[in-house]
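Next, two complexes with subunit A in common: one pairs it with subunit B, the other with subunit C.
Our next item is the complex of A and B:
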């Protein structure tokens, strides 16, 4: 099991979402992707997409206006 | 723990606070509110809701403050446009509305304690933002409206032009997305 962190701080929508989608494609089942984001719209669309795609998702508010979206690749 | 901290913790754990101020509202709630407020705007100011046209007036007022004159510019040549400029910033409903949008956005972020001054990540972002802003501003003026004035208010007033704008904007968004993936991924 691998844990991969992508730094999307300072990136506006839809860059974080597309980056996460591309990264997740390269990963193996069971791997964890941690997306660091500070754009509130990514905080909505990134977890929404990952959940609809069937992955396990958790959002941590790490600081004011800063989040980590933790995605476990399930399939 | 100090009482201030305790109170703040109590508020941040409060369900009503989480529901109304912390979490983003559903898209449908936003859509319904926007529809209601644009009706209120049309009824109270006599003009449909617009955002970017106001910036053209702001530009004219700034230009005039430095001694320039836009009286001969085609865009401002109508009596209505001249009257709006002469009445000034303080009497311009659209200007107050835009200031309200900016302050309201700031307030909502502060209430949710999500204010963050973001770093500029690369020079590419500066170039893309400046170019994009110029294109949007220029396009909105020659189209007599942006995605609010021409699209939203156009469709809301059952005007065909709003739908034409929507089709063209969709095409532009497709091209824009391709460019974004090409230059920012």
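Our next item is the complex of A and C:
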């Protein structure tokens, strides 16, 4: 099981979502992707997209206005 | 192999971090309840999708929705509310202990407040799934407006959200084409927005239309509208499409447990109580007339307060009223009723007479009928006799003191026999 971190700090929509989608494609089932974001717009589409796609998602608010979206690839 | 879920106990679990959930958190936290708020995405809820809020009292500067909800969040944190950002996978609300499960945790709570809000309604037109979110169909002008600078966008809908967000988009896009399902000149939004929109030179309206399908290779290129009167198809080339055609309540995970309306909204009374004791609802997910940040705040305040009362009453009920050590006599009365008050003197005599043998309690239902409800008593005054934590008799109305004395003597004698 691998854990991959992508830095999307400073990036506005839809960049974080697209980055996460591309990275997730390369990963294996069971791997964890951690997307670091600081634009709240990504909090509105990234977790929802990942869940709709069937993965497990949890978010940590690491600081005010800064989050880590943790995606466990399920399929 | 699935991991063992971590179990945590809370007084209150609030599901949903919009204005309603945050306010419920502020009230519950302030009442010193151990409170957890679970939000699946961005704390702030639907309000964060609004670029300008003009009618939330106390904010005359027309702030972004997120500014208001961020302050609410700060306040909830100050009150000691714990936040968890994940989605709820399942709930079991029916027992005294409510269970809320996420993919890694199992939370056990005395009370649950459902503030799950609603999600965007979609058109269900052909190919829609293919373009949702990042492929050309958006639900958030605030999020995606800047990416549409000098572009052509289509807005579906004519309610307040559609027209107000559409006008916001004209600050960036070169053209905003609005598909309205009504006849020319009729919109669902407020009159002020309508007037401004019709005057806006960047806005164009296509009346009597709904979406037939979405077209494009990898990314949306064209929205094909259909005139609902003539059946004529109108292809509209565009860069992005925004859908604002209303909302549907987020009640999937609770629909088999909580009573809902035909449209899926949670039915509550004015105390925000659902049909399940200890389960409350607040905000947009509730069946109500007006869905606004301000009404969500009102609901949240009531739900947080009601949860506190429910928990306090539960403790009194289990530990005091239904105590198991001695036979119990509970007098339930309404303090505004003179007859009931007079009988209080008799109760005091009985209490003195049976001191050490019978535990006597008095419950005033004037402010809350919660304990009476738990004892299945709906007419007052009433007397409830218990033994070993079980109700053995309910007497509605007052009773002759002599008879009551005899009854209690008998119960005490039985208890004595039982114990020896």
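Assorted remarks:
Keep in mind that, in the parts below, the second predicted complex is superposed on the first by the 75 of 75 C-alpha atoms of A that agree within 3 Å, B and C clash if a C-alpha of one lies under 4 Å from a C-alpha of the other, contacts with A are read in each partner's own complex, and residues count from 1 in each chain.
Keep this in mind: a contact is a pair of C-beta atoms (placed from the backbone, for glycine too) under 8 Å apart; a residue touches a chain by one contact, two chains touch by 3 or more.
Quantities reported herein were computed from a predicted structural model and do not represent experimental measurements.
Of the two partner chains placed by superposition, only subunit B is touched by A:66; subunit C is not. Touching more residues of subunit A than its counterpart among subunit B and subunit C is C.
By the touch criterion defined above, A:3 reaches neither subunit B nor subunit C. Touch criterion met: A:14 reaches subunit B and subunit C at once. Once chain A of one complex is fitted onto chain A of the other, the partner contacts of A:48 are limited to subunit C, with no touch recorded for subunit B.
After overlaying the two complexes on the shared chain, residue contacts for A:22 are found with subunit B alone; subunit C is out of touch. When the two complexes are overlaid on their common chain A, residue A:40 makes contact with subunit B and with subunit C alike. Of the two partner chains, subunit C is the only one touched by A:56; subunit B is not.
Shared contact residues of subunit A with subunit B and subunit C: 14, 18, 40, 43-44.
Listing the residues of subunit B that touch subunit A in their complex gives 24, 109, 113-116, 118-121, 125, 177, 180-181, 184-185. On the side of subunit C, the complex with subunit A involves touching residues 40-43, 48-49, 66, 83, 85-87, 102-104, 133-134, 140, 142-144, 146-147. Residues of subunit A that touch subunit C in their complex: 12-14, 17-18, 21, 40-41, 43-45, 47-49, 51, 56-61, 67, 72. Remark: subunit A residues 9-11, 14-15, 18-19, 22, 38-40, 43-44, 63-66 touch subunit B in the complex.
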